[in-house]
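My questions will all concern the structure given below.
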Amino acid sequence: MLEQQLINALSLGSVYALFALGFTLVFGVLGVINLSHGAIFMLGSYAALLLVEHLALPLWLAMLAAMLVSGLIGLLVDYLVLKPLRARNAPHLAPMIATIGVATILTSLAQGLFGAENKRFPVGTIPEDSYNWGHLHVTAVQIGIVVISFVLMLVLLAVMRRTQLGRALRAIAESPKAAYLLGINVEGLFYLTSFAAAALGGAAGVLVGLSFNAITPFMGQPMLHKGIAVIILGGMGDIRGAMIAGLFLGFAEVLTVAYISSDFRDAVGFGLLFLILLVKPSGMFGKVLERKA
Amino acid sequence: MTAEMNTNATPILQVHDLAVSYGHIEAVKGIDLALNEGEITALVGANGAGKSTTLLAISGLLKPARGQVLLNQQGQQQDLIRLSPHKIVQSGIVQVAEGRATLTTLSVAENLALGAYTRKDKAQIAQDLDWVYSLFPVLQRRKDGLAGNLSGGEQQMLAIGRALMAKPRVLLLDEPSMGLAPLLVQEIFRIVQEINRTGLTILLVEQNVRQALRIAQHGYVLENGKIVLADSGVNLLHNPKVLEAYLGG
Amino acid sequence: MIELFTNLGFIDWWDGFWSTYNTVIFGLGVNAMLALSIYVTLSCGLLSLANAAFMGIGAYAASLISMQTGLPFPVALAIGGALPALVALIIGIPTLRLSGVYLAMATLGFGEVVRVIVLNMDITGGPLGLNGIPLKTEWWHIVLLLAATLYILARIRRSKIGRAFEAIKEDEVAARLMGVNVAGYKLLAFVIGAAIAGVAGGLNAHYTFTIGPGNYAFENAVEILTMAVFGGTSTLIGPTIGGMVLTLLPEALRDFNSYRAVVNGLILVLVILYLPKGIWDPRRIRAWVNAFSRRKAQAGGNN
Amino acid sequence: ADVKLGLAAALTGPAAKYGVAIKNGFSLAADEVNAAGGVNGNKLLLVIEDEQGKKEEAINVFKKLIFKDKALLVFGPTLSNSAFAADPIANAAKVVAFGTSNTADGITAMGPFTFRNSVMEADVLPVTTRAAVKHFGIKKVAIIYGNDDAFTKSGYDVFKGTLADQKIPVTTTEAYAKGDVDFKAQLTKIKASNPDAIVCSCLTEEAANIILQTRALGMKQPFIGGNGLNSPKLFDIAKGAGDDTIMGSPWSSENLTPANKAFIAAYKAKFGSDPDQFAAQAYDALHVVAAALKKIKLSGALDKDRIALQQALPAVTIDGATGKFAFRKAPPVTGKEVGYDAQQEAIVNIAKGGKFILLK
Amino acid sequence: MLQLKNISKNFGGLQVLQDVNFNVPQGGIFGLIGPNGAGKTTVFNLITGLLRASGGAIEFDGADIGKVAPHKITERGIARTFQNIRVFKEMTLLENVVVGMHDHMHYGFGSLLFNLGGFRRIEAQARERALELLSWVRLDHKAGMLADSLSYGEQRKLEFARALATKPKLLLLDEPVAGMNPAEKTELMTEILNIKQRGFSIFMIEHDMRFVMGLCDRIAVLNFGRIIAEGSPDQIKNNQEVIEAYLGKEDAE
């Protein structure tokens, strides 16, 4: 049973991590807690579903297209909402509150367009039976989730750490003014970030839609809660941290169910968050500047 | 204005009738400046005169109420006012801003690498990095540490070093000597002169008026958002008004 | 005679109106109090999202007292305010070392823990919550308590305490070196906020008949924040207005039916876009007034 | 004059799949009654409001229907969760709150004006469990339920009691929360405890997913559940994996009484889709009220009429889509007047080939 | 009045201060100079309680303040200005200064709540005094403006006034004239002398030698975390080690 639970944990954790990647990216660069990330994640799922259902696109193509669609939605949200707020020098909570409005709009639009009902990918979109080793069961989606999450994370990590682009993004994160003075196309990179983050969110949406057969307009909300816990645990804006914290949360939840009680599963994420922050005030991997004056 | 302006030198950057407001307060009230190619121009004035405001407007970080900032590009005059800040940097105008704008969460080396953001010539960048390290050895020692942990003066060095990494045509320096130890102040002025000799045009805002005017070919005095004096550096240095108002008699 | 008739008509109309909308009307005051509760912590630079949980603790405490003891309503309310304050005092000491979003999330985590505890307790009715809470809140209770809250907060704001809060918000280190006991004042703000939220929760529980763990969760915490930010957090008027407007908005938009939430969201976004500092932004209002009077003066001059 | 009847249903939000069926059931019945000339010459007018499946909205909507629209009675709300919040208002205003889908314990204990024609879980589940145990030869079961919802929690409590009564040991009890989509951890634990069947007190969305994930873990156990599972939605999602699920409900499409046949045909004609239990119960509820209205003479004074209706209702019996129906006084609660529950037999269904059929 | 005894401080592996010893005497102006990164600001951070020393003791008026919280240290009579200006930007100049008086405004909660005489009198006095302090640094004409709208140099002056508002016995100034022009420096020099006359003791870090030498009675020199010299301005000016490490050959200004 433990082995099976570890597999469950790994795939659940990868979902959290994948969702959190885009979420933390936006926070890291734009300094915005984008509460519409859950809605974008949801739209990614619907986009792929529609493409598979109506255009009969192969899954991989539908997934790429869904990433494109959600990326563009992210871009649009940036252009219409976040950019004007940047230009107006809005206080730091304003963009977060605005994204709540965006999330409401997107969710209820989705509800109007697609209905409130659960949807699932057509049977046969992916092999549904599991691979068995003894009493271990692993599905194709589970493997897909883990692999895709890790690949996306490593790519993102390499970009952020090793490239000039990554450095520039981190520079913007700290001070757009300083970044401008370095000749960085700050607005352009804001767009790029919003696009990439939303595309990542969309990818997560597709994978979650595939693995849990529960595509609904509301699927983003619980994910958003977990995502928030994850990016904080990982240290805000820290890609590697988000990945590790996502996995960590997955393991914590699954092991809680396995060895403590499923009643406390949902409390585990935020409960741990609460405790960990008391010990490490900037998350598990957050760096602190000690210099005071 | 009796200055015998050096007529040989062509202005590479001309500021014309620049006015900048913060809300209702007009901080810069329609000023004209000209930076001659390859020269150091000093801009001095009391606290709050509008020096930093002028520099920020040139760099595009503040949108002026009116005026032009003309850059001479191969004989063409280009107005920078409408450009976004990164385009202005790309056209070769780089600023070391007041308060340094150190990227505290990046390492020292990363700060310097970002200085060269607009450049593509890898080999040359590496050489320049060595040059900056030789100018400021402490930066090399601390290159992997977070820039935010540097002392005030160290951050100032980093800011200058980072600007040099951009290989600018025009360098705008906002109080580069602020917070530096005397030895280093000498060093900074020496470096400013040295890089100027490589052909770099420099606009130097300084409270260290004496030193600044000493190394500047031209100088402007800004008071309450208006240029009140413009002359050669030496002349200004001996101008009784300047002596009284800015050099403490 | 005719007058009497119209009066009767009015009274009739009023009865219907009042019975239909009294929850909404009560909600105006209660939500204003909630928005003010988060304003207090925000004014001290603390982004705390624990207020929904504090509201819940207050609501449960007050309701249980009303339902299971014979104690009078004011006592229930007082305990509804005191208990969250006490809890705030206890959890504040370790938590308030955190800053920014980290604090927000730790407090959110605290809220989640409270929710799960309530969900798994018997006395709180678990997921069913408490039902059939006696109707005790009257309109003047709310008016009175809202007024008291506003008055006290206004007095605090004008005093050294308010200045200390503001200084902490701007720069903790500098405030500390001005002799401000930063940790102490933060705790004070946190506790005041918790007490206000708790009382609001107690009031709310006594006119909604029912409360449950889901009423004090993540969404509610964020909603309280939204009300404050929407209204504007630089004065007391902002959160008050914000709480009220966001209470009325869904009601006013009822005719949009299924697209109600879309319109609601749209309004939220638009207001934040055009009034990033909230509806009540004194500086902007002053600027408008100035511009207006200038225009008037000019017009006057031309004549 | 028209008789205004209020309906508070979850037309949007996660419970919309139930609410829309309910709304359809009501409008179908209202059309029928009106086409037949109304009640004592009065047409029935439905005032429908969306309560979004949320408590707060249910309260607002109830108030609007009662005080502003001055409805004679209010149907709904859809979920027991919301009913617990909204029904006290109706009781306080002395207006009948008539639930057609609330099955949690204690709903009708809220006051004498609470009525429901939905059969309580407490009546349905013991029958269902007994039938399932017999059908599959079950020795022990595992339970999974949603622990943050009044209905699923109350269903769980009933199951627990029932299983204890019938002496079926429970291998493990697992909970989940609203919105959860990954149940593998709980299911793996259930798998390890090796039950013969899984009892599921869930709403359809979660149930479908739970069933699918159970199968992905290589488990073959059948499921036993309550009316939360009774939606075609279950099979939209779970497809064949839902087969063998046993569910108790007062209504079945295979219950071929004339009233039910007529209902099914009319529903199909009007909405182009198959009805479900919730449509059927809504449909019946309107006929129950129509029958009560026939017996009273409306005075035009709303307060009086409302009370008259409340007094007329308990005696009504009909033979509707769900079969023979009568009210039964709710179990007494000390110091309180109580309302009326449904007195109806549950029908046990089993899922075969993507739909529920009668378990024989 | 202030004594540093064998103070050392390290950040991780980085040894920033080593065995630093000196006394800041009552009544005078004491200077701390040294190259960038020598550890001067760190000394201030230790004294004001923002950092804890890794070793050694700090005594103020005979009492150990090494473990006292920053706001308590302010209460005991030490105030400071910051090298990287830290005014309260969204507050008016006047409010900035009144915050400095925090410890000296004693009114009860009742008085506050009901706007009683005590509250009103104390608040009014504070405002008056704040205006006076602002006038010392010639900012009184901007008293009602937000600090954010001040230029760099003006913000320094505001910090100065704010620090004085705490009624310190000892005033720590971290590069008070950075960013000011020579005329303004001269002006501030007079101001500081005035303040000294009013009985404040001053301890300053400054890189401007004319300023330091002109004002200080005693100077300590810090280099790579160690005190390399201490003495009168003349002694320091002529100390070979100091010249090499810090001053440079030719005194430019």
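Letters are used for the chains, namely A, B, C, D and E, taken in the order the chains are written, and counting of residues starts over at 1 for each.
In this text, a contact is a pair of C-beta atoms (placed from the backbone, for glycine too) under 8 Å apart; a residue touches a chain by one contact, two chains touch by 3 or more.
Note that the structure is a prediction, hence the values are computed from the model and not measured.
Path length between chain B and chain C in the touching-chain graph (shortest route): 2.
At the far end from chain E, in terms of centres built from Cα atoms, lies D. Chain centres here are C-alpha means, and the one lying farthest from chain C is B. The geometric centre of chain C is 36 Å away from that of chain D, both derived from CA atoms. One finds 43 Å separating the Cα centroids of chain A and chain B. Rounded to a whole number, the gap between the C-alpha centres of chain A and chain E is 47 angstrom. Listed for chain E are residues 11, 41, 48, 50, 82-84, 86, each touching two or more other chains. With touch defined as above, residues shared between interfaces to two or more other chains in chain B number as follows: 149. Counting partners per residue, chain D has 12, 147 as the residues that reach two or more other chains.
Looking at the complex, you find that chain C touches chain E at residues 152, 155-156, 158-161, 163-164, 166-167, 170-171, 173-182.
Those residues of chain B whose C-beta lies close enough to touch chain A in the complex are 59-61, 84-86, 89-90, 94-95, 97, 101-106, 110, 113-115, 117-118, 146, 148-149, 162, 166. Here chain A touches chain C in the complex through residues 27, 33, 35, 81, 84-85, 88-91, 93-95, 97-98, 100-105, 107-109, 111-112, 225, 228-229, 232, 236, 263-264, 266-267, 269-274, 277-278, 281-283, 286, 292-293, going by the rule given at the top. Taken together, the chain C residues at the contact with chain A in this complex read 47, 94-95, 97-99, 101-102, 105-106, 108-113, 115-116, 119-120, 173, 218, 222, 225-226, 229-230, 233, 258-262, 264-269, 272-273, 276-277. Within the complex formed with chain B, the chain A residues making contact are 164, 167-168, 170-171, 173-175, 177-178, 180-187, 287, 289-291.
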